[in-house]
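Okay, got some structures for you below.
In the two complexes that follow, chain A is the common piece, with chain B as its partner first and chain C second.
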Partner chain A sequence: MQNNKKSNLKQFGFYLLLTILGILMVFPLIWMLLSALKSPGEIFAVPLKWLPEVAQWGNFKEALELAPFGLYIFNSTFTALVIVIFQFVLSCMIAYALTQMKFKGRTLVFNLILITYMLPTEATYVPSYTIVAKMGLLDTLSGVIISNIASVFTIFLLRQAFMQVPKDTIEAARAYGAGDFTILWKIMIPMSKSTIFVVSLISFVKMYNNYLWPSLIVKSEKNYLITVGLNKFFTSQGSFADKWPLIMSANVLSVIPLLILFIILHKWFIKGIGDTGLKG
Partner chain B sequence: MPKIKMTSIKKKYDNKGEEVIHDFNLDIEENEFIVFVGPSGCGKSTTLRMIAGLESITSGELWMDGKLVNDVQAKDRDIAMVFQNYALFPHYNVYDNIAFGLKMKKYKRSFIKERVEQAAEILGLTKYLKRKPKDLSGGQRQRVALGRAIVRDAHIFLMDEPLSNLDAKLRIQMRKEIINLHRRLGTTTIYVTHDQTEAMTMASRIVVLNDGYIEQIGTPEQVYNNPQSKFVAEFMGSPPMNFLEGSVKGNQLMLDSGEVLGELSQSIGDVEKVDIGIRSENIDIAAHDTGINMTVNHVELMGADLHIHGNADGKEIVIRVVPSEKVAVNEQVSLRVNIDMVHLFDANTGKALFDREKVNA
Partner chain C sequence: MIRLKKAGKLFIFLGIPMIPLIVFWFVPMIVSLWLSLTDWDYISPTFNYVGMDNYTYAFTSDDFYQALKNTVVFGVFTVVPTIIIGLLLAMLLREGLKGITFFRSLMFSPWITPMVAMSIVWAWIYEPDIGLLNQVLGWLHLPQPEWLHSSSSALWSIIIVTVWKNAGWAMLFYSDALQKIPRDLYEVSNLEGSSWWQKMRTVVIPLVSPTTLFLGIMLAIESIQAYDQIQVMTQGGPSGSTRTLLYMYYQMAFEQFNMGQATAISTIIVIITGILALTMFYASKRWVHY
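On to the complex of A and B.
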């Protein structure tokens, strides 16, 4: 009895902590949304005002008129999606080779891949920039895509997931007539789908939010990613108080694709994690 | 032409210094049910996996249907393998698991459906075709694994301890099902087990392995009645064979304690040290003092038999008698050994000194 009460209390404390942390995490998002609906005066009002007197829905329209955010969002979503697909295909093949094929220097290859992860990304900017330039891909979305298709993070996690697939299962597939490609496609990938799902999602968000590197590559407005576009908008509008609601509206617009993604996928997210393997 | 022919096959793992299979020679005929039996680590799985093509052959030749297959990939060997841990595909349902091999061969959908349903019928899986493996019991999973094997019409079945994850009752039932399946399909089968009972009850021929060497190849009767080495004698049969130490002088079989067990009906010359193997059914309790005395440790009634465990001549002995025999724990009894049924092994090499079957023939 005593014990039960204690653990209940403990659980309550735990939930309380989680709730507080949760609120802290979403607070900036909510504040952003509320600010997007305020008038310039309300944003900096002292004392602080939570809700706008009249919701200024026109802010969104005005923001969209000042810059082609729709195009930026499309560019970002498109590049992030293509990058994730490439990363998935390439990483699967590398992870398969690293876990299933026997060749000399296999560990060396893996270690070399890992070492590149230790390098600060910024240190690779100059050589990468030169390469992209030599390929004639500066100021193109292809340049952004191609420079991002190799992901050590994805390779590493997929390799971990592939190592979890029981050896027997793979051998059974082999004994029943499957070749390497079939084993990868019909066994390894389906059995690692929760990892693949989570990794792809993380990669997508990372690429969608990527700023510094794309800002070096794209120059013309038609190729702006949302991150670059927002920044340019911010600088071009200046930090005048009366522009802040517009900046906030643009921010809200930019997170919409990610929000939609999470709403569609959150069920999958939970299911995916609990749906692996066969426990005896 | 044998179905499978193995000549001088050797195996050495890359990451391990010493050879684990030494000079393996075996011919397997069409329709045979061969059992590889031996203690854990003796190389049964390694040998089976070499036949399957899942493990490379270090040296020697493996022939199937008159073709040298050393370098043929597993997927092209036309074998069907059943694994100890079932090795089902967890993301497929029962139907797709069974259909896997057929789909790989790109058969027509309707043909696959027919085959799978037929196999499911044979194995009593019809109700479970839509289920995922994780929602099946151990016995059902093993049936799915068997189903996956039989739909393929493969020429050879390979089974690696397929029943060892099942409980005792289910194991006996599945044993029967596998034997019936073999009768029905007649597919050449190699079955691996560490359980001598499975070997004795299922095999048409047994291959006893020890430490990477073949100890003996023979029918269950041959292996039981005529073990060629002390290892086989000890390993096959339950309760295990009893051993006493002695010597042979002028055809007299003597225990080290000096007691004479009797005269051998065949002359094998004098031997300084022999291991005398006697099955529990070939020892009796004698009415008079024979000089071979045993202290009874405990008594087990096994239904039709009574097993009496005790110590004689410093050795653990089990004898099997009729249940009406009256003995008490700690009692001293005199034993009578049926000299015409003893097996003699060279104490140094462990090799049998004569063929019991030939002598008694």
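On to the complex of A and C.
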């Protein structure tokens, strides 16, 4: 009995520690939300005020009136989604060729892809920028999309997933006269669907959060991605003290779509990410 | 006929899907290397070959060495703490704990958010006079640095944000690795009555070393590419104290349109990344226990 009590206490202490750590980790997010709901007077209060007296929900409306964040979020979601779909289709085909087709130079192609995986994307930006410009796609969402559809990360992980598919299954299908597209679509993809889902999720988040490259490509407000629009808003309004609650509201707006995605799919992120990449 | 069919299939499965990769990865890498030997300014249609001038210019300028030093400091002090915090969090949140997914989600959530948005929030937290951090430090009677406004603390402020954002990511990889440690190994060391640190040193650290290596490489490469937080919080300032090589490259290329010098810097970045990846792979043969 005594022992039990002691271990209960220990467990309580442990959970308390976890809760404190968890709150510390998400505190910047909480602080962002609290600041978004404050009035300009409250946000600058010294000593600081933790909670707004009256939650200023109107801040969101005002932020939306100053800049079309809804449009920015749509642009980001749309581009990220299209990019992920293209990445999926192209990477599946490449991964299929790399695992199921025998040809000269297969190792060479794979090694080239592997090296690219390690290299910083930014090193390609000067020529890529010129290429996008030559294609006449500067300041278009298509420019952002087309330059991002090659994903070495996706190819790499799909290749690993495809290698796990049992050879017998593939050979049996081939014996029944299944063609390459059928095998890819009916066997490889269904058997790797959890990897595909996790990789797509990660790619989506990365593309939604992508900043440097899109900021070079898009120039006019109607094409801003959320990250670009948000930073423009920050640099244009940040010098006005009374605009800080609005900046925080804009921040909240930009984060919300991803938070919703994360709340719904957190199990996939948590379980899937540790699994990927280390199987090789 | 069969060979032709095979070639056709290969063309469809590999040839066409590789086009974006070739156009936006392979070709730019080579063109970038070539541009680094010129004095192209993006606007004019002509340019001259200048040989290695862009490289000698880089290697003789103080700005380059400052940026190199910042890159190294930023890299070391984001990678090491991220790995340590990630491992400790993973050990704290061990399998079988009630509500484990909830706690893991809390720790991981910073990774999901856009760096641009979080940098704005942190810039606000770091505000020297009215920001949350200095007010809290004031209550505790601790020193209140100027954070982003001083060249001695700005880089450290950016490091803190980066570690905060990535620690949860590292935790997930370690959670997976820890789960794969056979239970008996723990039990043996429990029987022997080893201390927590002994257990760490003899069981945990050796057995998660492949994960440490993997994370080390990925985080180091990512740290070299850090841009968003620098752009939002300091733009490389104050007085170049947060200008990394990558940020320098960005400024040269897209603010000054000095493409020759910029691509020379990018080649140096690529070489550093390559050396880093290779050393870590070779190091792995010595000390990683698979």
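In the analysis below, the second predicted complex is superposed on the first by the 237 of 280 C-alpha atoms of A that agree within 3 Å, B and C clash if a C-alpha of one lies under 4 Å from a C-alpha of the other, contacts with A are read in each partner's own complex, and residues count from 1 in each chain.
Methods note: a residue touches a chain if its C-beta (ideal position, glycine included) is under 8 Å from a C-beta of that chain, and two chains touch if they have at least 3 such contacts.
Quick caveat, the model's predicted, so the values are computed rather than measured.
Colleague: Between chain B and chain C, positioned on chain A by superposition, is the outcome a clash or a fit?
Modeller: fit
Colleague: When the two structures are overlaid on chain A, which partner does A:267 contact: first (chain B), second (chain C), both, or neither?
Modeller: A:267 sits against chain C, while chain B stays out of touch.
Colleague: Of the two partner chains, chain B (first) and chain C (second), which one does A:152 touch, if any: first, second, both, or neither?
Modeller: second
Colleague: Touch check for A:80: first (chain B), second (chain C), both, or neither?
Modeller: So A:80 meets neither chain B nor chain C here.
Colleague: Go through the superposed model and pick first if A:191 touches only chain B, second if only chain C, both, or neither.
Modeller: first
Colleague: Who does A:161 touch here: chain B (first), chain C (second), both, or neither?
Modeller: neither
Colleague: Does chain B (first) or chain C (second) touch A:178, or do both, or does neither?
Modeller: first
Colleague: Identify which of chain B and chain C touches the larger number of residues of chain A.
Modeller: C
Colleague: How far apart, in whole Å, are the nearest Cα atoms of chain B and chain C in the superposition?
Modeller: Between chain B and chain C, the shortest C-alpha distance works out to 8 Å.
Colleague: Taking the two structures together, which residues of chain A meet both chain B and chain C?
Modeller: Chain A residues touching both partners: 277-278.
Colleague: Would you mind writing out the residues of chain C in touch with chain A in their complex?
Modeller: Interface residues on chain C, with respect to chain A: 6, 9-10, 12-14, 16-18, 20-21, 23-29, 31-32, 35, 42, 89, 92-93, 101, 103-110, 112-118, 120-122, 124-125, 129-130, 132, 135, 164, 167-169, 172-177, 210-211, 214, 217, 221, 224-225, 227-228, 231-232, 246, 249-250, 253-254, 259, 262-263, 266-267, 269-270, 273-274, 277.
Colleague: For chain A, which residues are in contact with chain B within the complex?
Modeller: Where chain A meets chain B, its residues are 166, 168-169, 171-179, 182, 187, 190-191, 193, 277-280.
Colleague: Touching chain C in the complex: which residues of chain A?
Modeller: Residues in contact with chain C: 17-18, 21-23, 25-26, 28-29, 31-32, 35, 44-48, 89-91, 93-94, 96-98, 101, 103, 109, 112-113, 116, 118-131, 146-150, 152, 180, 205, 208-209, 211-212, 216, 226-227, 230-231, 234, 244, 247-248, 251, 254-255, 258-259, 261-262, 266-267, 269-270, 273-275, 277-278.
Colleague: Which residues of chain B touch chain A in the complex?
Modeller: 52-54, 73-75, 79-81, 83-91, 100-101, 104-105, 133-134, 138, 148, 152, 165
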